[in-house]
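What follows is a set of structures to go through.
Here chain A shows up in two complexes: once beside chain B, once beside chain C.
After this line comes the complex of A and B, so read on.
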């Protein structure tokens, strides 16, 4: 086979992935096209937005890396439970946890301004860095770290050995958190200041005119891309490690004060939920009737993210599997990640721009969710495949059967746990969304998270508390279903 | 395992994708299977209160109400912009606006169809359009809410003009004047005082450190938890804070003196949409919305809204309407001033 044939074959293999990403990026492309035609850019809210996002990300990276470093290097009590509880913070937007905290009876709700908002969002998004630091800590060479434990004092060990080894994870966590915060609109509304996203939402709502909004959207997308390009290298260093088979640091028993650090994030989760539970106290009888009326909304709020996540993962697998061994697919994985980083509200406005162009079609929220998360799912697949020993895939290729059958029987079952985790993460982001639902839902449509925000305006606190607890219950079901279905579907094929 | 079963995975993805696409996609104006049994209502009233009306109507008529709400941050302006964008292919049958001015402004854009509801006969003429393009019902007033732990009743503000006094510098909140009833109140000042004086008042509010909140409910929360000492908001938001036993009290502004400004009275507005996909159902729903029965529900609930039918009792937590000095404004003129007011707000507050 000559090199031209080889390039053609590689091109043919990455073509489905490219087509999928192009389709998913079409709403963003529609906005960019409108922007190019208008030639206007409004940068006024970018400095404030960046200041908020970067300061909150700094808080987040500090807390996430500290907790991650402790959990990754010492043996704390109830380690798995602590990780699960901490990561729960990612299953709902920062505003959800904040509103829960404000329902507590000791007046925590009187914070306002960007600095307070940065602190609150920094804490609630700390699991982003925590997870990356945990992943990085599993790749630390055990022998080198054990040597450092023997010969260096703790402070010197952390500064000279641990932090340099975890630096890519901390940097990637910081940048990813900052990118996620660029799309945050609810917290700035609650804390009384403006960001690009609040300006985009309010301007679009005032005009329902994409052309009016594009001058604000373009700089935000540009900022997301700039941070995303700075992030991909450290992020991929963590997610696609060169070594395989390292066991990571040997966990040693922790001293009590050190172990207490790891309780910070679970305590935030429990306090927020306690706030909602406190709010419902005394109103149980009326609430039972009220909650019953929300059950149809709960059903669709669970079904939609699970279905959307399945479609997202399925499309990603179908498109990326043929390209799994093609090096040129890596830039497309980066593009998919950037696609996910574009705020959900902008994706929704992009779909409205496309729909207006096609004269009158409305777009289902599920379509917008899939278009945003398909890149994330492609990344999940790529990470999972990179962690498989290449020899397994090579061995499977020796079995005389069609590529399709081989993938179904050997390839995908091995990737099932990672795909399940990706689907669960994608579904959780969809359940937590409010912007897409408020912009794309047809009349009569309702979703639990949107319902919660609409009720927050004037409903009795007991009702708001019950609505929030229902969101939590739905979240558990969504994660279980979205995580469980790929496992069932893909591991059944082993038989 | 056969080759055919390998196709299960792509087929499942395809099937799920089709199901997903089918849920919510469709041509504008398309209706569900039983189109004659549903009515689409764009509603900027708070969901908590609007649902009382929708449920009562559904129980009475057997017709399903399919509402679309505004978020608190984009109150009313979001839905009016959407109605304008959908003008060529309307999806809504009825617009229930909690902000009189934004709804009345739509009349000038040919978005309202004429319908004189027989149920609105008892509503005074000044609260409805003679040709039936809008009908007012269930009105609210603007009030001042203050935190009783930080402000005594004697020191409480008595006029919105008090908030330009240095004594209140940085201690008061208003909702974003681009949206909802705050936009009505500001546009009403432009109508009442003239553009120059009203714009100067906005500038003075800004210079005196007005805190711009996300919405009226946010103003309520800020006053209730002491982040600010006082705020201007709608009576229903204020009543919710009182009902929740927060340390707050309500003051009705601009009531004292022979030439007192009075407080704005803002009826909800029912409007049949021009080219509504389901005009007949829209008319029947409006008949209910502007009826005594609906006004009674809104008055008795925490919405605490003033009925415009004289023989329906008003809310219990507030003084009767005939004891309140109401700001005399022409709603059509207020609607005309909205764009001027929006420009002034943008220039003064940078919003």
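After this line comes the complex of A and C, so read on.
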């Protein structure tokens, strides 16, 4: 086979992935096309938005890297539970945790302004950096860190060896958090300040003209892309292993004060949930009837993210599997990541623009969720595949059967745990969404998270508490279903 | 000059005894080869001496200093034990230059940058001081690992089969290097191997590790060669 044939074959393999990403990006392209005629750019809210996002990301990266470095290098009590509890913060948006904290009997609800908001969001998004630092600590060669333990005092070990080796994770965590915060709208509303995203939603709600939002959308997407391009290299350094062999820091027993650091994020989760529980305790009788009316909303709020996540993972697997061994697929994985970084609200407005452009059809939120998360799922697949020994795939390729059957029997079952985790993460982001639901649902439509925000503005505190606890219950079901279904589907007996 | 003494040392891993009742005295200023089959617990013993693994029972004493005593609840942290260690996979820090690796470790013992450079020169790494491990050959990496182990002027030098992956010619030069540098160590130099060529070239004393316990043995690698 000559090099031209080889290139053609590679191109054919990455073509489905390219088409999928192009389809997923089409609403954003439609939105930008609609507004391009105006030829305006409104940069007024970018400095404030960046200041908020970067300061919150700095808080987040500091806390996440400190906690991650401790959990990644020492053996703390109930380590797994601590990690799960900490990561739970990512299953709901910062505003959810903040509203819970404000319902506690001691008053912390009077905070306002970007600085307070940066602190709150910084703490609640710390698990982003924490997870990356944990992943990076598992890539540190065990003996390299043992050598540091032997040769260097603790402070010098941390400064000269540990943090330099974790630097890509900390940097990627900082940038990813900043990107996520560029799309944050609820916390700025709650803390009483403007960002690009609040301006976009406010302007669209006032005019219902997608083109009017483009002068604000354009610089925001530009900023997201700039940060995304700065992020992909350190992120991929962490997520895609460099070499095989015995890896990961050997955990040693921790002193009590150090172990206490790891309790910070679980304490935030527990306090927030306690706030909701406290709020609910006040009015149990009145709640029973009200909760019953929420059940249809709860059912759709669970079904929609689970199905959307399944579709998203399914499409990603179908498109990326043929390209799994093609190096040229890597830029497409980066593009998929960037697509996920575009704020959900902008994706929703993009779908409205596309629908208006075509024929005025209405778009279900699930479609917007799939188009936003399909890049994330492709990344999840690529990470999972890169961690498989190449020889396993090679051995499967020697078995005489169709590629599809081979993938079903040998390839995908090996990737099942990672695909399950990806599906659970995608579903959790969908359940946690407010912007897509508020923009795409028809009048009268409701979702649990959307309801919670609306209720938190003026409903009795017991009602808010009950709505939040229902969101928590739905979240557990969503993660269990979205994570469990791929596992059942891909690992059931093939006999 | 200080001897290293092990008394009734027991080390378990995953509930299984790797070392059980190890007693030994390693003489200061001499190179001792620790001989044993793969999986006998040689690396575990070095890790216990270095403080990278905590024994369940016994004592480790360097001269008059107790580094570990299960009964007295003494467990000196690894970085205070004054140990130079050449790991089997060398364990060089991938982000640091050769000079940084040596200077960082030696700084506590008062080694300045010029002395760190001189140490690198003494192991044959002249002009390679600013390279990172990935930019060095296998033999150069071994030399760097030895220089790093000696940088803090250790009281004990432990070598865990560091030459297992280099060619014969490089091995010869590394034997020469170890023979030249080990007398600078105040205490014993312990070399773990199951390679008879390594043992032949480096041993002044030898111990056999078998069945979890240590015994002084005269050239145990020759027995194996004879058996073969």
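One rule holds in what follows: the second predicted complex is superposed on the first by the 488 of 495 C-alpha atoms of A that agree within 3 Å, B and C clash if a C-alpha of one lies under 4 Å from a C-alpha of the other, contacts with A are read in each partner's own complex, and residues count from 1 in each chain.
Here, contacts are C-beta pairs under 8 Å (C-beta built on N, C-alpha and C of every residue); 3 or more make two chains touch, one makes a residue touch a chain.
Source: prediction; values computed, not measured.
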Given the superposition on chain A, which partner contacts more residues in chain A: chain B or chain C?
B
So in the superposed three-chain picture, is A:116 touching just chain B, just chain C, both, or none of them (first/second/both/neither)?
neither
Just chain B (first), just chain C (second), both, or neither: which does A:156 touch?
second
Please indicate which partner A:164 is in contact with in the superposed arrangement: first for chain B, second for chain C, both, or neither.
second
Where does A:144 make contact in the superposed view: on chain B (first), on chain C (second), on both, or on neither?
second
Contact residues common to both interfaces of chain A (with chain B and with chain C)
none
The chain C residues in contact with chain A across the complex are 47, 50-52, 78-79, 81, 83, 85, 87-96, 104-105, 108, 148, 151-152
Chain A to chain B touching residues, read off their complex
44, 102, 107, 109-110, 112, 189-190, 192, 194, 198, 201-202, 205-209, 304, 307-308, 310-311, 314-315, 317-318, 356, 360-367, 370, 402, 404-405, 407-409, 412, 438, 440-445, 451, 453-461, 463, 489, 493
Contact residues on chain A for chain C in the complex?
141, 143-144, 146-154, 156-157, 160-161, 164-165, 245, 250
Enumerate the contact residues on chain B facing chain A in the complex.
1, 3, 5-10, 12-13, 16-17, 19-29, 38, 40-42, 46-49, 64-74, 77-78, 81-82, 84-85, 88-89, 91-92, 176, 178-179, 211-215, 217-218, 221-222, 225-227, 236-237, 240, 243-244, 302, 350-351
